[in-house]
Structures are given as structure tokens and as C-alpha cells.
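Down below is the structure, laid out as C-alpha cells.
Chain nomenclature is as follows: A, B, C, D and E, assigned in order of appearance, with residue numbering initiated at 1 for each chain independently.
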Amino acid sequence: MKVSYFPGCTLKTKAKELDAYARKCAEVLGVTLEEIEDWQCCGGVFSTSRDEVATKLSSVRALKAANDKEQPLVTVCSACHNVIKQTNHQVQTDAEFADKVNRYMAPEAPYSGETAVYHYLEMLRDLVGFDKIKEKVVNPQTGKKIAAYYGCLLLRPNKVMQMDDPENPSIIEDFIRAIGAQPVIYASRNECCGGYVTMESPELAKKKSNAVTGNAAAAGAEMMVTACPLCRYNLVKNGSEIPVVYFTELLAEALGVKEDTNA
Amino acid sequence: MQVKEYKPLIVAFCCNWCSYAGADLAGNNRLSYPADVKIIRVPCSCRVNPMFVLRAFQRGADGVILCGCHPGDCHYTSGNYYTRRRMALLFSMLDYLGIEKERTRVEWVSAAEGAKFAATMNDFAEKVAALGENKRLEDLRCKR
Amino acid sequence: MQKITRDQLIEKAASLLANGTVSCVLGWQKGEFDYDITPAVFDTEDELKANFVWNDFCGANFSKYLVSKTKKCEGKILVFLKACDTYSFNQLLTEHRFDREKVYAVGIPCEGMADIAKVKAIAGDGISSIDCSGEKMAVTTIYEDAPVMIDAKDVLAERCVNCKSKKHVAYDELMGEDGDVIDSARFDEVAKIEAMTPDERFAFWQNELSRCIRCNACRDICPACTCEKCVFDNPNSSVENKSPANSFEEKMFHIIRAFHVAGRCTDCGECSRVCPQHIPLHLLNRKFIKDIDSFYGDYQAGAEVGSRAPLVNYTTDDLEPGEVFERGDN
Amino acid sequence: MQRIGVFVCWCGSNIAGTVDVQAVSDALKNEPGVVFSTNYQYMCSQAGQNMIKDAVAEHKLTGIVVCSCSPRMHEATFRKTAAAAGINPYMVEIANIREQCSWVHKDMVTGTEKAIILGKAAVAKVNLNTPLTPGESPVTKRALVIGGGIAGIQTALDIADAGFPVDIVEKKPTIGGKMAQLDKTFPTLDCAACILTPKMVDVAQNDKIRIFSYSEVTDVKGFVGNFDVTIKKHARYVKEDICTGCGACTEKCPMKKVPNEFNLGMDNRSAIYIPFAQAVPKVATIDPNYCNMLKNGKCGVCSKVCAAGAIDYKQQDEFIEEKYGAIVVATGFNPISMDKFDEFAYNQSKDVITSLEFERLTNAAGPTAGKLLRPSDLKHPHTIVFVQCVGSRCDACAEKGKEYCSKICCMYTAKHAMLTRDKYPDTDVYVFYIDVRTPGKNFDEFYRRAVEEYGVHYIKGMVGKVTPEGDKLKVQASDLLANKQLHIDADLVVLAAAIEPDKSARPLATMLTASMDTNDFFTEAHPKLRPVESPTAGVFLSGACQGPKDIPETVSQAGAAASKVIGLLAKDKLTGNPCVASSNELMCNGCSTCERVCPYGAITYENKEFRMPDRTTAIRRIAVVNPAVCQGCGCCTVACPSGAMDLRGFANSQIIAEVDAICK
Amino acid sequence: MHNKNQYLQEELLRTSGVNPKKCMRCGKCSATCPAYDEMEYHPHQFVNMVESGDIEPLLNSKSLYRCLSCFACIDRCPRGVEPAKLVEAVRLAAIRKQGANHLKADDVPAMLDDDIPQQALVSAFRKYAK
């Protein structure tokens, strides 16, 4: 299976390991990630304002590129996924916006939101299947008590993201089970860590991070997994009691390819 | 030259529960509309057979309008939904045969819409009058 | 030339008669001329061998005959159904017009039927015989010794040119291979008329319908017109009339006829086939079918037994009668 | 030929002001069939009516045309006049020359012209009128109540009290419904069981009432006064008539780990069980999903310990067919699922519960024997947070919850809060509300007492997130009046879940051809004037199946529904509307087209033998209209391809005669 | 009541797509807001104040820059009002004014550390500068 892949700028710099593990694991699972040519930064945050057009063009270009190859578009970074998926939804539902972006880009054929956008986790669940992952695990993470940290970007707004039940999600927990570990359910897994104000208001970011990690630790977690570089940075910087790792790293470990990965 | 003023003849089929009551309300409120409009009371708009519409045209009507309860408000729950389909097809067929489409109409008028009834009849009568006499679907034997 | 042969059909009918499956056979028989084929009931193999016909002129749709024949015949009737006939067959079953138990239906393939008017246009009048058994149709006239050879494709009836389905939707037994529903261009002609101005449309139909002699052939052949008493024969119906006394009555008859079968008409084309005045009556029926498909979603009468016809159905958000014109203008 | 009398009314100057009434009566005198024509100041007055009666006698009239106000006004009056004069009331037609003529046209000439035409149309119609007699149908003097909660119980008791037999069909093994699960009732705080169980016993002991428990309605045919209903009685594997309800089997049953639905799964019951001590009928039921004997044939303990020999592992579902004159729907409600609202952590913590679960926790017969202990560790909660409007009043675009107000939550929450503070004064109780809605007798007073006398903290605002951490529930909420975000460490969170109609309601509505709204509440025939009747004749509504209701309101509606049923069953015969459809069997094709458009299911088909012209006979399928069910819309008449179907009072020929008269 | 900010109000409602009239004043947005304590005006106040045309105080408030864009208020609002979209609309109205950028490039270096992901930087510029 071939899919279009949008790594995003953080995965090219501060979160290289997230990217490297994702590529390696995809290989093992029989998925070819074809990186989109000349992709540009998604901007890191989606503007809900209907008159913000130019800032969303990079996302539309990526979507269009995937559509031209008739492939689904896969992202690993939660923020890129959120921005691209919301942009796609706006193209689908806001005719004025769709018209404007098509005028800007002047493509041969207009883009109207045909591309299916998957987060890497959704790709594992819906395109690969957790059962297949289970089969491929050579190094089950048995005994590890792992707390899934969703944050906000994967789940919300639910009307658009449609990844999982926004208040009681299970996709990462199912992933944790698939690699042989034990998920720890805690209420703050879908609460915001304050990542977006880590520069603007470090105190607020700290307070929110600590609430999340504290809740996970209190629930008995030994480790947290996340898909978002900003969440991870924020949780770690603000002194999480327990380690915070990318889900792809754990997956690589379970699939037995962590050591060969050039991260 | 003396020309007799042309007065259209309009037959309005009104369902007993909504539109006939709406016509009564127009009367109660003294909302005038042309005397060219003559109302026939039917229990439900779905009682109106396409043959009645054709019969009216044959006998010299210049316009035929059906009025019933608003969709969803039918006294018999679903009658007007059938009316809607029947008349949509009939009107489309008349249009296909080259009969002026302004001569036929279906309008939903509730018992509370006296003003709408009068306004509808004024508008319809005006449109029909503008077309002049019904020539394309007339039966000369029946002409006054 | 038809793929299936007369002999195969006779053999099938004879064996079904012999083993008692059926007690009589509804089939085609030669009329005054070779192209003038009429329906007939056969009781024995001998009768079949003597008079049964199967060629490019066997257009007659037998479904309608089942309404009366099943009431009269003891035991089962064998009926041969072309793909288009099976739709009428199902539609009549939907309307409980005959007892399915009394029929043994054999689906037969059809390569399309010929239009005698088109044959005459090529071969001329005075046809004495037509032989459809070869690759080409051999038409002999009283004026020439050598037969005129005609390619069947060139004389295909309009309804067969625009054949909507080679798929049999009902049968007890199928001879030959079943075909598919065809994406035909049967609505093109309707669309052409729709595209005219109202005045042109009026003139077009005035010209066509004024030829009507009210022979009632269109009604009598129509498999949807099986009423115990037709409104046109009922003095209390207000539309009874015997002759098209004036232009209104021509139109009224045809509007009402088409409306009565709207949603039930399978578009078998028999009305136009039998019209002695060559009025394109199917264009009225197809207008309703086209409208129904576009207003309420695709519907093929007779495709399934028991389906709910569009005129006895509704949705709460159907389009308003006034909107049909807006659509037409676009 | 008819002998028609025409009576033109002046209506004072209402008609005579714009219409030359004399000209009208003169013009109509010459119409076919008219033998007498006159005009008078007020035709509807006693004198006017006497004039009609006299004319009928004098001119041997067979039909009457009154040119007057709208038939919606005085048609009934003139029909009575006709009947009094000895002619059939349906031989009267009204020409509406007031509302549709004199009041809308100002010019005397056009007004008079139109009045004459309308009069001619009426005359043309009367010429074709035939005397009509309303059909009659017998009434089966037995009522069916579907649902055995307080609504069904009250309706059944009231109907039985009037002397009519009633059957209650209840899908659970016992009647009692939601009210049996409640602890106390607002605003008086009587114990629910104390007021409900005597009524349940009354039902059991009333010889007019039969209870079909553990049963459901599977088919309804027929019409008002004459319903044929099929009831499926599920096998309970216990002979109801023999079981004494001693409970020995439930004690000895080795399978004790079945979630107890009566306590909403907060404790367990055995596989053979009696739902609760006061169950009616008090007989045991075997749960086939858990019974080892039924599942794999290994056990049989209950059969051994049953002294009465009531256990029957081979029992089968039973179908009962019964006739009823009236059907009352009392299918009740359920709290909605909390799955879509997990910001409140209902699925994550046992200590986040719904209000109905709270009822069980405080009930003496509940899982904690009435002590308020939280489910996770059975400790006494010291801080309780109540959240109102969970899933109620949601906008459709939020794609979860219900758009309506569930109506009962404000009051039961006040009750819970008050009772908690009363029993456990050391407990802090917070109630988060959007609005407190207390319209009802003594309701607001009750709520104020909770605040003022019992010290419940009512906070205007909403809870945004509940985070279970350690043994606490961290509640994050807003206090809109203080403009603060609150963080409360609670021990127990109680959610006032929205209520919705029971899932059985929709299939039932289909069977009954009764209509429902988009929320699956049954619709009433008229929201104000006929609130306990469904638009389908003979089907009545009781309780929360029609909309959210508290107990007092439910009981009132139950009584109202019962009185409507009694009114129906008290009649020996039902008189119908004579203007109904009928099919000419000689012309009928039996094609089923009419049946498909009939909204009332009034048309059936039968095979009938006909003599053919050639002296043979043939069986033909023909349509038969049930005049008691037909409401006279006429839809079938147009659908009928052959014109066999016609409508009495509005026949094809009559309408065409009107068209012709108008277009002449 | 005369509304002197009518033009701005219409602009905010149009760009955000929010209909504040749907709000039933339950306060769930503010109950769920993770940045509540840092805000002078809270999500429900944004909705109510924009509805009443009282927009100036919002334009000048630091609250605009405390919204985490976590969309919790959007998902949990029972009326589908979507307050965060309104907060963003007001924020854009503020920073789109000439020289009104809340985040200036010169201030950035002081905020950085070795590990900060690009995502934090680009999103801050998107949110706080034009």
C-alpha cells in the first residue's frame, strides 16, 4: 500500500525520531510512505476564521498533491494532522473558501476536498489493522503500564476530526494493547497541556502540563505516549514525573526495529 | 370599437380543512381578490383527480389552482404529498404539450393564512389574465 | 435473425406439454402476412408445428393476455417472454392481475424486432413474403422476382434501437443467456421536445395528435391497461368519448391515457408499435418516466414484483409542482 | 329527478350589501331540478329554518341548497333542519356567498354574478346527491393498556372502575415501571413504594384487570372499537398460576452473579429471580441468558427446591390473540445513555452516577439498603456534585443529546439534594444549574426550601470536566454569577440525564399507525384540545410516551386517557362519517393501488365469485373499504386506475357537475 | 439599543460563523476552559459581549492571547455555539490593526530554549502576529 506522507517541519528538526520510527515501522507493516514533494509548513495551528485563506494554502497544496496521486494523505504530527484535516473540511463545506483557494493556486483541476486524511494512528487502525500489528510484534511490551496522551489536536473539533469518541477515546489504548502493553485510563488524556502558550505564558503551560502528568501518574501509569512534538516538549520541560515518548518509538521497539532506525 | 373586457375564469379546488378555511378567513378579514375565482370544496387536495383539472379547461377555465394544507399538516396526514406528486407530473406533462404553465398552480394555504389566500388568488388571476383566453386546451363546443 | 430458433421453442413447448407441466401454450402465429404476427393459444404439438411462428416480427408482448387466459385455461399456461415482456409480467403481478401459479414463464433471448414500416421503406409495398432465417432478411415483393436483402439492424424498431434491458426480470426457466440492463438513449427524443419553445411543442403535438382516429389500439395493446372497465368506456367517468370530436379530446385522451399508466408503464413500446397512425405515443409515456426518474429517483416499473410505484409513494421533501418548470428551464 | 329548494340568505346586510339576493334567488329558480327558490334575512334563524321546513313539506322537496355563509359555519345547522323536515341531511348543499363572495368583492354586479354561479354549482351538485347514512360499527368493550408503569396502572384502574375489562401488557416480569425504582417523590416526599405498591396490589386483585407481564404486543390489526391484537408472552420457565412467589428458588439458585437491572446493575441477582419484594405478579422468572439449566442442561436446583412444582424448563413463548375496543399507549421513558458525555467520566468512575442510580442508592430496598454510600468503596460521600441538564436542551448541531427540556430533573435534583442534607448534614451538596424550572404546585417552594432550609449550594453554571484522581472526583465548573471557575474535590457526582421515550415505542407506533415526533414521542391529536388522544382513532396516550412528565402530571393524563376510553367503550355502536370511499366491485381490478395510498389501512381485498357474461363464473380480487376506518380523504379515488373507487358526498360526478356549472 | 460596534460585530460573526443567539448561558465553555484563570474575560463572556456589541474591552484584553485553541469549548458546548471561533475572530480583529502584532520577532530569541519545537514558533506567529 502506498500513501502520501506529510512529515511537517518539526519532524524534520526537533522530532526527527518521531519521523524516523514512523518510516521504519511503516516499512515493516507493508506501507510505503511517499513524501510529498516540496511540501511546506502547515503553520502549526488552524485558523477557524473563514477569511483566513493564504495561511491554509500549504495544506491545500499537500492535499491536492495526494489527490493527484490518488492516495490518502498521512501525517504523524498531531498539529499537522489537525490543520490539514480542518483545512480539507473547510474546502468541502465552505464553497466560498474552496473557490478562493482554487483561484490562488490556479490548478489544472480544482481541488474540492476529495483526499482522505489519516493520522498515522488511524492508518494503523483503519488501513493496516491493529490485529496485523499484533501479528508483527516481535518484542511485546508486556507489563508496561502506559498512559495514552491524546491532547486536543487529535480529537477536536470532533465534528471535523472524527477520529474517535472525543470524550472517551480508545485508539491509542487499542494501539497500546496491540503492542502487548497495558493501557492506563485517566480523565486528563484529552485535556490540553497548554502547548500553544508555552512561549506566551510558561506558567499556564506548566500548570496544565502538571495536571495532565499528575493525573496519569496517579492512575498508575509508568510512561506516557503521545503523537505531538509540542505536547511532548511541554510535558517534559515542565517536569513530568514519568517519561513521555512518541508512540512510534514504542511501535518500533515492539516491531523490533528500534535499533536499526537511524533516529 | 367596443371590446368586451376579458375576464379570466379560474377554478380553485380547496381542501376543506386548511385552504377552504383560509379562504373563509380572507373573507372574514375582507381581503379582496377577483370574483373570477370560483372555489370548489373538496375534503382534501388529494381528492382532485387530474381529470377534474382537464375537465375545467375543457369547459372554458383559463386557470386551475389547487390549494391544500401545507406539507406535513394534512388533516389526513399524507394526502397533500400525493397531490404534490400527481400535480407535479400532470403540470409537467401539460407544459410538455405546450400548454402555458402559468395556467396551473398548486399552493399550500393554511387555515390561518387568509392573507396568503387572497394574495395567491390576486397573483394567479393576474398571471392568467395576462395570458389571455385559454386556447390550447379548449373545447369549442363548451365555450360560453 | 434471432439467436434462438423456432424449432428450439417448439421443442421446449412440446416437452412441457408432454410432461404435463403446462396444458396450453401462448405463442405467435402468422396472420394475413408474414410480418403480421398475432398471438394465439396452442394446445398440442401438432398445432405448434403447423402454426407457431418465431421471427423478427414477434414483437407482441404476451403479458397482458395472461390476465384473461389464466382465468380460462385449466392448468398452467406456457408463455414465452422476451426481456422487455418480463417487466410487464412483473408489473401485472404487482397489481395482482393474474395468478402466478397458473403460469410457466420461459424467458427467451431477443435480438430486437423489426419495424415493418422501415422494411417497406426499403423494399417497397406489395410484400409477399419475408424470410428471417438467414443472416439477412429476405423480402420478396409481388413486383420483383429476386428478394430484397435487408440487414436486420437497418429496420430495427425504435423501441429495440433504444432497448432498455436484455435482462429477464421474471421467468421459471431461461433459454439461452441472460443479458444486462442497458443504459439506453431512450430519453433523448423527450429531451429534444423539452428543449423546444412552448409554441413549438404545442405545434409538434398538435400535428401528431390530430392524426388520432381513436381506434383505441394503443389502449387495447397496453399491458398496463387491463382495467375491468376502462374510464373511456364508462359513461359516468366524464371522460368517455368514442371519437376525437375536436382537438381538446385528442389531447385529453392521450394525457389521461398516459397519466393512468404513469409509474406503471414499463416502456414496452407496444402503444407506438400498434398505432395505425404512427403517433409516437411512447414519447408521452417516456416523458412521465423521465420526470419520475429525475423528480423522485430512478424507478423502473416491473423491475421487482411488489415495488411501490412513485405515484403511490412520497417523501416529505418532494419537489413542489411549481418547481418542475424551474427545472425544465435550466 | 330531484325537487330542489333554494334558500338565499341576506345575512342582514352582510350578503345583501354586495349581492342582489333577489336576483340570485330568481336566477336559480330556472336551474334544473329547482322547484322553489326564495330569500330571507337570516336563514339560520329559527324563522329561517321554519321557512325551510315549511317549503320541504309544501313543495315535497328532496334536496336543499342554502346560499349563505361558509358551510364550516352553518352546514351542520341546515342538515339538522333538513333532518327535522324529514329529508336526509346529506341532501343539503351550501353555496358560500358570504366569506367567498360578498365579503371579498365590493361591486354589486360582479358579486351577484358570482353568487349565482356558486348557487348553480351547488344546485348541480345536489342534483347528484344521494341520501347517506353514517355507517355503524360495534365496539368491543375491552381496553388494552400497553405498559405497566404508573401511567398504565392508573389508566387500567380507572377503566376497570367504570366496569370495563382491561388488559395490561408489560414487557418486564413485573408491573410498576420507573416509579417502583424511585425512593421518595417530590414535592411531598412520600415514599414512592408506599403510594405505588397499593395500586399495584389493586391491579392484581381487580377482577376486571388481567396482567400480561413479561409480554409484548407483536401485531395490531383492525380499527377503533375493533382492534385485533397479538400479544407475545415470553416464556419465563415458571408456571405463573402455580408459583407462590416464596422465593426459595431465588435463594438456592447457584448462579448469583447476574447484574440486577432493578438496581441498575449496582448489585447482583440470581438467574431465577423476582425483581423486587412487591412485584406484581409475584412470581419468579428464569433469565435464559444466565440459567445453567437452560444453557447447557446442568443444574435444575430451582426445580428441586420448588415445593409447588412450578418450574418448567420446557415452557415456550405463547401468543395470545384478543379483541379490544381501545388501546392506551403507556410505554414510558428511560434515561439516555451517558456515552457521549464522558467529560463527566461516567464510564471512567463508578462514583459518577445518574439520578436514577442515586434513587436506588438512597432506597431502603436498594443495593446499600438505603445508606448513602458511594459505589466504588462503599464510603460515605462528604461532597456531592449534582449536574443538571446532561443531554437536555442541546442544539441539534451539537450532535448529541436532546433538544427538549426533560422537565423532571430540576425537581428530583432538589429532592435528592434536600434529602441528602436532611439525612447527612455533614455532606456538602452542590447543584450546578442552567435554569431552575419549577412550574408546578408547591414546586418552587420545595426548591427554595432546599436552598434556604437545607443549605444546598445552588450554583448557576455548568460542570465542564470531571477528573477522577485517587479517591476524589475533581470537578471543574463555572460559577457564572461569581464569574469564577470552581474546582471541587467531590466524592460523588450525580448526573441528571435527559430522558427519552422507551425504545419499544417506535415499532409500536408503526403497528398502531400512530404518529410520532422526531424525538419518538407520540404525537397527540391536538396539542391543546386533544392531548391524550393519538390522531389514530381509538389509540390513546398516557404518561411519558407523549412527552416528559412527572408523576402528578402522568397520573392526571392517565385518568384523562381512561375517561376518553370509557367514553368510547360506553357506546354500543360507533357512528362514522358517511362521506367515505366505496369501491364498485364490478369495475375493481383488485390491483392494490388504493390500499397503498390509504393512510388509515381502511382498504382490504377479498376474492369474490363473479358471473361472467358467458355464464361462467370467475374469482376476482376486489377492494373492500371499511367505512368505520375510512376518514373520507378521497386519495384512493384518484389512485384507482379504473375509477371503481368513488367518494360518497364528493363523488366524481358531483365534483364534475360543479366544475361544469362554474365553467358554463 | 444603539450598537456602535455594529459593523465590527457583523464582521466577527461572519468570519467566525458563530451565532451567539444560540447560547443559553449555561457556562459550560467557561467551565471546561483550561485557561480560565489566566483570562480576564472568559469564553462565555466573549459570546455574550460580542452579542451585545460590547467589543472594545475584548479587543484590548490579554485574554485574547491566553486561549489555548484546544477547542474543548467547541466540542462541549451543548448548543453548538463554538466560543473559541469567536475568541479567534476578536483576536484577528485586534492584531490585524497596523502595528498591533502581539508577538514581535525581536522578542522571540529570549523565549527559546534548545528543545523548543518549530511547531511552537510557527503557531505562535500564526496566532499572535499578522
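Methods note: contacts are C-beta pairs under 8 Å (C-beta built on N, C-alpha and C of every residue); 3 or more make two chains touch, one makes a residue touch a chain.
Since the structure is predicted, the reported quantities are computational estimates derived from the model, not experimental observations.
The chains touching chain C as well as chain E are D. Identification of common neighbours of chain C and chain D yields B. Chain centroids computed from C-alpha atoms place D closest to the centre of all protein C-alpha atoms shown.
Between the Cα centres of chain A and chain B there is a gap of 62 Å. Averaged C-alpha coordinates put the centre of chain B at 56 Å from the centre of chain E. Mean C-alpha position of chain D lies 48 Å from that of chain E. Mean C-alpha positions place chain B and chain D at a centre distance of 37 Å. Chain contacts: chain B has residues 50-51, 55, 78, 82, 86 touching two or more partner chains. Under the contact definition stated at the top, the residues of chain A that touch 2 or more other chains are 167, 191.
Touching two or more other chains at once are residues 343, 399, 465, 597, 639, 652, 656 of chain D. Under the contact rule stated at the top, the pairs of chains that touch are A-D, A-E, B-C, B-D, C-D, D-E. Contacts from chain A toward chain D in the complex involve residues 159, 165, 167-168, 185-188, 191, 214-215, 218-219. Those residues of chain D that touch chain B in the complex are listed here as 70-72, 96, 98-101, 103-107, 110-111, 113-114, 117-118, 121, 515, 535, 579, 597, 599, 631-635, 637-639, 647, 650, 652, 655-656, 658-660, 662-664.
Listed in rising order, the residues of chain E touching chain A in the complex are 14-17, 34-35, 38, 65-66, 68-72, 74-75, 82, 84-85, 88-89, 92, 103, 108, 111, 113, 115-124, 126-128.
Residues of chain B that touch chain D in their complex: 9, 11, 16, 20-21, 23-24, 26-28, 30-33, 35, 38-44, 46-52, 55-56, 59-61, 75-79, 82, 86, 118, 142, 144.
On the chain B side of its complex with chain C, the touching residues are 50-51, 54-55, 57-58, 71-72, 78, 81-82, 84-101, 104-106, 136-141.
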